[in-house]
Structure formats: C-alpha cells, structure tokens
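Reading through the structure tokens given below for one structure.
So that you can tell them apart, the chains are marked A, B and C in the order they are listed, and the count of residues begins at 1 in each.
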Amino acid sequence: MKRLLTLAGLAALPVLVLGVFFVLPVTGMLGQGLWPDGRFAPGDVLEVLARPRVHRVLWFTVWVAATATLVTLLLGVPTAYALHRLRVPGRSVVRAAFLVPFVLPTVVVGIAFDRLVSTGPLEVLGLDGSPVTIIAAMVFFNLAVVVRTVGAAWEGLDPRPGEAAAALGASPWQVFRTATFPALRGSVVSAASVVFLFCSTAFGIVLVLGGLRYSTVETEIYLLTTSLFDLPAAAALCLLQLLVVTVLLLLAARARSAPGQAARRRVEPSRVRLYDAPALLATALGLLLVAVPIAMLVTGSLRVDGAWSLANYRALDTTGGDGLVDVTVVEALVNSLRTAVDATWIALLIGGLVAVIATRRSHGPAERRIRGLLDGFFMLPLGVSAVTLGFGFLITLDEPPVNFRESPLLVPIAQALVAMPLVVRTLVPVLAGIDDRQRQAAHSLGASPLRALVTIDLAVVWKPLLAAAGFAFAISLGEFGATSFLSRVDHPTLPVLIYRLLGQPGTHNYGMALAAAVVLALATASVMFVVERLRVPGVGGF
Amino acid sequence: MLSLHQVTVTYGAAVAVDDVSLELSAGEVLAVLGPSGCGKSTLLRAVAGLEPVSAGRITFDGGDLAGVPTHKRGFALMFQDGQLFNHQSVGANVGYALRIRHRPRREVATRVEELLELVGLAGYADRAPATLSGGERQRVALARALAVEPRLLLLDEPLSALDKSLRERLALDLREILTRAGTTALFVTHDHEEAFAVADRMALMRAGRPVQDGTLAEVWEHPADSEAASFLGYPTVLDGSAADAVLTAAGLPVGDGVALRRSALRVSAEGPLHGVVLSSRVTPDAVRVEVDVPGVGVVASVTSDGTAPPSPGQEVRLEVARNRLAVIPRR
Amino acid sequence: MNRALRTTLATITALTLTGAASCTLLADDGDDSGETKIEATDGVDPADAIAGTTVTLVTHDSFNLPKKLIRQFQKDTGATLKIRPSGDAGKLTNALALSQSNPIGDVAFGVDNTFASRAVDEDVFATYAAELPGSAEKLRLDGDAGDKLAPIDQASVCVNVDTAWFEKNDQEPPTSLDDLTDPAYKDLTVIPGAATSSPGLAFLLATIAEYGDDWPDYWTDLVGNGAELTEGWTDAYYGGFTGGGDGDRPIVVSYDTSPAFTVDKKTGETTTAALLDTCFRQVEYAGVLENANNPVGGQAVVDWLLSPEVQAALPDNMYVFPVDDSVALPKEWAKFAQQPTEPYEVSADDISEHRAEWLTEWTDIVSR
C-alpha cells in the first residue's frame, strides 16, 4: 500500500502536467467534434471513417512512415556504431552535425529538398513531388534520433559477449545478430517507435514536399480543422491516430521487453578495422543526406543577386524599420534560447520522473501494469496533431483553475510535451539496464532513496541524460507548429521570425531568412557540441 | 538482537516466506541454509527492508522495524556478486557509507585503508572494480559493508559465485573477519560447507518454511528429517527396513530413519553387514568404496587405513560406527 | 566524485539557477488583463472610459505596424494594447470561432472575405458600425456582417509572370486564365494550394467566378498542363517562381503588389508583371469580439486601424493596400503595383455555403 502511495506521489506531477496540458485540451477538441451541437453524434464520426479518402490517407501515412523508419534504422544503427564505438576522427563534430536537421524550419528544408530534386543535380531522377523525396526528408530529420538513442546504449555495452561469440567462430555479422543486437534491442525499438511516430505525424514536410498530392492523417486533420471547419471529421481522424499510436506503442513495449540485462561498462572506442567498412559507408551516406540540403541552404544564404556576398548575414542584427515585429534575428535567437531553457528543464523533470517511475522494480503484476501504462501514456503527445493541441489549449485552458492561456510558460510546455517522450525513451533503456540490487546495496549502506538516485542512477544515466537534454533543447529551438500559435508577437522565436521573413515579398527577406536558418542551425550545433564536450571522458568515474 | 516473529512474505498469490520465526543474538553469525528458491533470500531482503512483510513482525533490539526504510535500519547488505559500483574506485566503494554519513575526509581515508587491510587488499584503493578478480570483488564488497560497523550484516550467498578453493579460503577469512570485528551477521546460502565454515548457528529452510534451527552441532547431529539430512551433506540417508538393518548393525533401537556419513560404514572382516563392491576409488583421505548391501541398497563406505582397495565384484563385510551417524526421528 | 564531474555539475546547477532567474520566460510577467468588464456609458468619452485598461488585439502572423503608432495609440487612449497572433487567417478564424464564449481577446483583425461568413455565422463579432472612409464603403460586407466587420486593407491575388524570363526565351507571356491551360505554357506555372493557403483559395475563387460550374474542368486541364501546386505562397513564390527566388517556373499566383518588389536596381524597372484580368480581391476586416472583456477598447482599436496614420503605414508593413484611397502610397507602389479595376467576385455568403464542398472537390482533383 505504502509503495503504491509512493508511486502515486512520484507520478502526481507528470500526470498532472499531462492531464492539464494534453488530456484536457485534446478531449476538449474531440468533444467539439463528437458533440457538434451539444448533442452526442458518433454517427458522423463513423461515417467519416468509412470514406475511401480516409482509407487512402491512412494507408499512405502508414507505408511512408514505415519505410522512412526502416531506412532511418538501416542508416542510423551503423552510424551509431561508427560514431560511438570507433575511433573515427572528428566524431563529436559529426555527432553534433547529425542533430542540426532537427531544428531547421521545415519550410526551409522543404525548399532546399525541393530545389535539390527539381533543379539540382538530382533532377534527372524525376523525384520532384514523389513520395521518395518525402521519405528522404523524413530520414533527414530523424537520423539523429537513432544515432543518439542507439549510440548512447552502444557506448556502454559490454563487448565481451560479442568477443566470446567471435571466439566461437561467429562472423562480425553473426556477432551483431546474436550478441550485440539482442543487447541493443531495447534502444533500437525505442528509437524506431519514436521515429515512426515522428514520421507518421510529420506535417510540414508532407505539405511542402508532397505538393498537396499526398495527404497523411496529420495534414488531413489540419485541413479539416483550419480550412474545411469539419470538426467531426477531424475528431474522427484524431481518434484514429490515437488508436494507431496506442497499438504501435503496445507492440513496441512488447518488443522492447528484452530478455535479461545487458552488462554495462566503460569501453574505449576501438581502432577502425576492415570489416567496419559497411558501417562507415552508412555513416558517409547519412552524412551526405544531412549535409547536402544544409549545404544548399548555406550557399543560398551566401548568394545575393547572383553573386557571393555576406549581405544577408550583415542584415541579421538590423531590423530595417521600427515595426512591431521588426525584431532582429539576434533578439529572436535570444527568445528562442530562453524558451528552450524552459522547455528543456520541464521535459527533463517530467520525462526523468516518468523514466524513473517506469523502471523501478514492481511488486506484483498490478504495480507493473501501472508503471507500464504510465510509460506508454507519456508517449501519446507524439501521436496528436499540433493543430488539435493548439486549438485545445485555446478552448480548455481559459478558466480557473487552469487559466493558462496567457501564461508565458505555455509555449515551453507545449514544446516540452513533444520533447518529453524522447527524454523518456532515451532514459528508460539505460535505467532499466541498472541492476536494481545496486540501488538496494546503496540503500542498505545507508543511502536515502534520493541519495541512491544520485549515486547510482544519475552516475549511469549521466550521458544519456545530457543527450536527452540536447534533444529537448534542439526540439524546442526548432519547434514551429505550436509556437506560432501561442507565441507573443513582440517575442517571436527564431523559427517564427524566419517564417515571417519568408512570408514577406522581396528577395532580401528570403536571403535573410536563409541566413537566419543557418544561424539557427549553427546555434544548435554549437549547443550540441558543448554538450558533447561536457561528456568528459571519465565522467563514468564519479 | 534480531528477532523474526511469524514473518510471512508474499508475491501476489505466491507465498515466498511462510510463518518464519528466528532469533539472532548480538555477535552471532546465523546461516540460513536451503535450496534455491526456498525463500531464504526473500527472508534476508525482508530483514533488509527491501521486501514488504505481509504478516508477522521483525524487531531489532526490541524496536519494530516495520516502517523503517532500508537506509535507516543501520544494516548492511552484501550480494552474491558484490554489486560494487563500477563507476567508483575501490576506495570510493569502501568509503561509500562513510561519505553518506558525512564523516570527515581524513577519517574516511584512514578507515578505508584499515578495511582494505582487514580484507587483505591493502593498496587497492585506487583500482577500478572492473579490474579485480571475483574473490577480490567480494572482499571489497565485504569491506564496504563493514565500513560503518553495521548493527547487522546481511550476506546473500556471498561466496557462491567463486570457485571451490577460493570459496573455502574466503569462507575461513570471512569467519575470522566477522569474529574479529564482533559483527552480528545473517547469512543465507545453499552450500552447507559454507554454512559450517562461517556460522555459529544454522537455520534450515525449505519451501518458505523453517525446518530446524540450532547450533551447528545440534543441527548436524539431529537432522529434522531425511531431506534435511541430505541437504546438510550426509551422502546416505535411509529409512524403513534399510534404516532398520543399519541401526540393528549399529546396536541401536530400530524404527527411526538414519543418515550416514561416508565414514559411518567401514570395510571390516568382522562387520555385521555384507555386500558386493561396485567400485572403489583412492582419495587423499581414504579409499571410497561403493557397496551394494542386500536389504539396504547402495551405500558409500571407506576402508580402514592401510588395507588394499577391494576390487569390484568382491564380497566385503561392513561395520557401523555409531558416532558417525545421525538418527532421524520418525514423525 | 571526481573533479570533472563536480565542475560539470556545478556548471549545470549554475545554468539552471541562471535559467530560473533570467534565462527563462518565468521572469516575464504575463500582465493578465483584468477580468472586469468595461461598458460604454452614455455621455462619457470612450477614450476616457478605457484609460488604464488593457485591450487585446487578436490577429494573424503577418500583422505588423510601426511601434511608434502603437505607442501613440496607448498615449491617446491611456490603454495598454496587447497583440496576440494566432496563426494564419484560417487558424485565426477557427480560434475565434472556438473561443467564442470566452474570447482570446477584445478585437480581431485579419479575418478576410473568404473567412468572414464563417466567423459571422458563429457569432464571433459584436455589432459596431465604425465610421468608414468613403473609398471603403464599397468593400463593406452585405447584411448583418456589414455592421460587424470594418474593412481595413485589401490586396488582390493575381497571376504574376516573369516578363524578363519570357523576353529572354522569346515567348509571349500569358494574359488570361485560359492561357494557363495552353500547351505553350506547359510546366511553367506554380500555384499555392487552395486548401492550405489564402492566396490559393482566392485564386480558386477567381476561377470559380470565371468558369462557374465548369471550374473543375478548368482545374483538370490546369493540372494536366503541368501546373505545380505548393503548400503556401512562400514555397510557390520563392521555391518555384523564376522571378522570386531560384525557381524554374515563370508563372506564379501571387499578389498585385508583388511587381513592386522585383525592381531591377540597374534599370529601375520591375522584371515581373501582375495579370490584372486574373485577380480576386482579398479584403481584411477588423471587428469587436462578442463577449469581450473590453469592448470599448476594442472599438477604439477598430477606429485606430481606420485612422489615416495606420492606413498609410499598411503598404510598408503588411504589403497591402489601405482601404482609404486618400492616403499616399509608397513611391514604388505608385509606379509598379497596379490594382485591378474589375476583379473577380464571389459573395461572402456563397463562399460560406460552398467552401467545404469546393475545397473537397478541388483536393480530389489535384491529389489524384
């Protein structure tokens, strides 16, 4: 009983936050659709689900997201190995580079990809407006998730079982298949489920690159809500999306429950050997995929009137007027950084609590089920469209005691909701890998639960925690959907400002937007690079 | 002094520890001996406060421990595989409990050195746990557990993970260290040799229930039942007519079961029992002979010193040494 | 604990603390508007009635006016003006409709003629007949809506062509909607989507006004002739159009004002032109919100948006024409931004009644 109370106490804050800032708004919007005139009308919803168009949209969403996830894994897992286990020169720079796409405004990346396939060197492939481009862009955005999540797990993996397998005559591939992969499975499934969710709820990429020829569930919800005002249909799709996400999460949870616990220890990165060539090749491919659109962006920002120039960058600290939204890029960057600090601590606090709750040893199946449910529950925000959530905020958070519509924390909280599942998925495999008897040993030696958390858990999750913080920070820096909805006009974040610049005619605004996007990318890369540096070698040795 | 009164621990519907009562006086080492899965580790964890007790009371020096969290019990728990903190040096591991209690840095350093010396690892303070052998790791774990002179030391199969010779040596060391430090210890194991080497008293557990407890000699000389006798290390346990035959041969009243040490039956020309040799093997201590005795079955026996080992198929006679068997009262 | 870690921990702690103190948004107060309701009282100048209150203007992302004008408003009325962007015109309208009973502000600006009926039908706006400049009267909506929404600015969505490109390629540019389906212009057009962008919807309405019930056939031909569709104006104009960014198509759907932004520095002439026979006029309205806390403040904001100072600032800050034609236009606008004399028109009621049907059909045509 007391244990359940402790559990409830720990879970109270995360559940409250999720309840107020997720469940309440989403149910509010669903209510608008299901009770159109104050009358419960589920018939409309069922009718929507029978539409052939909805079936088409659902099928497209699933196959595109599944393909993109698969490709991301195929490129990302070897890359994680190369960047976390091999002594590749410039590893930390490359690792930081993989995170850059995460924060780039979708519309900017969309234009870069579009130009790549429509006018660039890849024009001959005839990929303009094809799903291939959409999938490539999804991989572009999500490689970092796999590289980070799997890399963090791989870094501390005990190599001895693999060496034992090799000694028994297993080829490198067999070693991977029989010894390494089973130990990594938790993190791979974690990463895959996050990537799949990101891909299946991708919004900007599909609209920009699909040229409106393709619709996913997410874009359909957007159109139904903002353009057709068909809230019952939007609610139907939203429910469908939640259902699919829930099923996926259940499947993932089952696949994740890896047998046994992988031993963890500090391992020095090893010398590159011949059979590492495929991994290095995958890394090179991934890097190319990430670098080319960014390079197009950078060159674009350096071109003015057909000539090379830094004029776009010189314009960054000017406003060119006294307008209300004439905020300089530098000011917007500061706004972005402040928002990101908030979003990061919120995501880490809530996500960390959830991860701790989900991985503590359960007494009895009931408690285990509760912990499992909580774990899954906090993944749900990934499965709900930003539009639904944004409108939900407006209509449900307007009355005391939840009068948060005007709160300056609304933007960081919305961003933290997106970052939180990633934090949870990064921390859970590592925390679950800690032998609970370590904590018990500490307790028996007189360590309070908090002290044990610091000396045992924190010492081990230190690196993944930093990685998660970096993620949360990057997500916040790049978030646009919810932010554009909720931010204040005189305090735009950098992505909002970029979007505004792009919305104004005049080529110098376009160039300035590209330059601002490059600055945003650089800012993120530097933050990530610093985080990498913080991961002092030997941090293992508390 | 630790006292368990009708303690029961359940996991869902399964009862892991069933109505166990035990007493442990200050300075005493009690071994709880039982096969894997008998609930002995759960019992230990309940004492440590890691498992909730569903019924019964655990008290220490008269104070009820219910509601006292693990870290406030003033005990120390040592696991089978040590559970050293791999991210800390050996010295930091040993000093962990002291640092938690905010002891002055110098005192910690001195005490760590002292303890490492006690467990025979002087100079190991700066080593990383990962570089140690299994035996060394267990010694470090022991030093870590002893650092704050716990009111009660809980040892969960501390030697089982080690190889036999190391285990024997370390068991003696453990005994000596515990005695010298005057530590009260509760120690669970499935290995009777370990229990005999380390403990003052012994409690036998089976399927969650206590079978028997007492001093080593008491338990050894009067096993509660035949299963207990087997578990304590008697190679031959007999009952019914087989037991009667042996008891008669020993000149004892019949009707009970009997547990025989190997040396209880000795090949002797005048012995009352006779049988056919199945095999014989020379060991440093004695010649071990397996004999098939009609009406009793296959029994283990030895030959007297200096006699040549009998060959298989040979007929021999056996005598029974009364001080080398234990009578198991029939219930 | 080793030193590296301790330093790291200290740094993180310091960062967190600084964060809590100044890096975070917690340091900003939300300066919540009072919940007291301010009513107009007879015989009292409204300007005095709202002194000391806060008035919240809900608007779209593109809203921009000089800070000087906002300071002036605050000085004149004594009220604090808070501006709250709520996405594009569609999201804005939706946000207003959904929060009708407890609105997110006192006054809204940015609902245009394609969305106005939806908002009026949902009772978003309260009646306030602002005094309009003479030239704005003709932009007033029909019926009740006319007393609720005041036209503030307008701009027309027109097909734009890159005249420099056509000159270079020695080809005549198109002049009408019909021309766009001519095989001579195959694969040369880029259009923002009607379902995702307001210029896209305006262009769809232009074709509906021109072709009536046959508009689906026109769109089938248009898509068949290789017209590229993009999500929004930005990727059409900058991503697809040769005259805007590095696109590869010389025909784009944009605004009548766009040519003023493509003036070649060397020649002093614009390199693009708007086809004035292909235009649909977008008018943006402002109105006081029903159930507002500060309706009098909202009325003051509507009047302020119609004032000559704000009207004159519209072209430079929001790239639209003022409804008051007595204010002077910027020099390049006067020269290069020509307005259509007879743009296509579809009544707001028609739009309201058919928009979902039209957009659904349109989506089916283009996403085959």
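Everything that follows uses one rule, which is that a contact is a pair of C-beta atoms (placed from the backbone, for glycine too) under 8 Å apart; a residue touches a chain by one contact, two chains touch by 3 or more.
Predicted, not measured: the structure shown is a model, and the values here were computed from it.
Visitor: Based on mean C-alpha positions, which chain is nearest the centroid of every protein C-alpha shown?
Guide: The chain sitting closest to the overall C-alpha centre is A.
Visitor: What chain lies farthest away from chain B once each centre is taken as the mean of the Cα atoms?
Guide: C
Visitor: I'd like the Å distance between the centres of chain B and chain C, where a centre is the mean of that chain's Cα atoms.
Guide: About 84 Å separates the centre of chain B from that of chain C.
Visitor: Taking the mean of the CA coordinates per chain, how far is chain A from chain B in Å?
Guide: Here chain A and chain B have centroids separated by 53 Å.
Visitor: How many angstrom lie between the CA centroids of chain A and chain C, rounded to a whole number?
Guide: So the centre of chain A lies 32 Å away from the centre of chain C.
Visitor: Which residues belonging to chain A are in contact with no fewer than two other chains?
Guide: 541-542
Visitor: Could you list the positions in chain C whose residues touch two or more of the other chains?
Guide: none
Visitor: On chain B, where are the residues touching two or more other chains?
Guide: none
Visitor: For the complex, give me every residue of chain A touching chain C.
Guide: Going by the criterion above, the answer is residues 32, 53, 107, 110-111, 114-115, 118-119, 129, 204, 207-208, 211-215, 222-223, 225-230, 300, 305, 321-326, 337-339, 341-342, 345, 387, 390-391, 394-395, 398-399, 405-409, 411-412, 462, 484-485, 487-491, 496, 499-500, 502-507, 510, 534, 536, 538-539, 541-542.
Visitor: Would you pull the chain A residues touching chain B in the complex into a rising list?
Guide: 2-3, 264-266, 363-365, 435, 437-438, 440-449, 451-452, 455-456, 459-460, 540-542
Visitor: Show which residues of chain C lie in contact with chain A when the two form their complex.
Guide: 1-2, 4-5, 8, 11, 15-16, 19, 23-26, 28-30, 32-33, 59, 61-68, 70, 83-88, 90-91, 94-95, 97-99, 102, 104, 118, 193, 195-196, 201, 228-235, 237-239, 244-248, 254-255, 257-258, 261-262, 265, 316-317, 319, 355-356, 359-360, 363-364, 366-367
Visitor: Spell out the part of chain B that touches chain A in their complex, as residue ranges.
Guide: 11-12, 45, 48-52, 69-79, 83, 85-89, 92, 96-97, 100-101, 128, 130, 144-145, 147-148, 154
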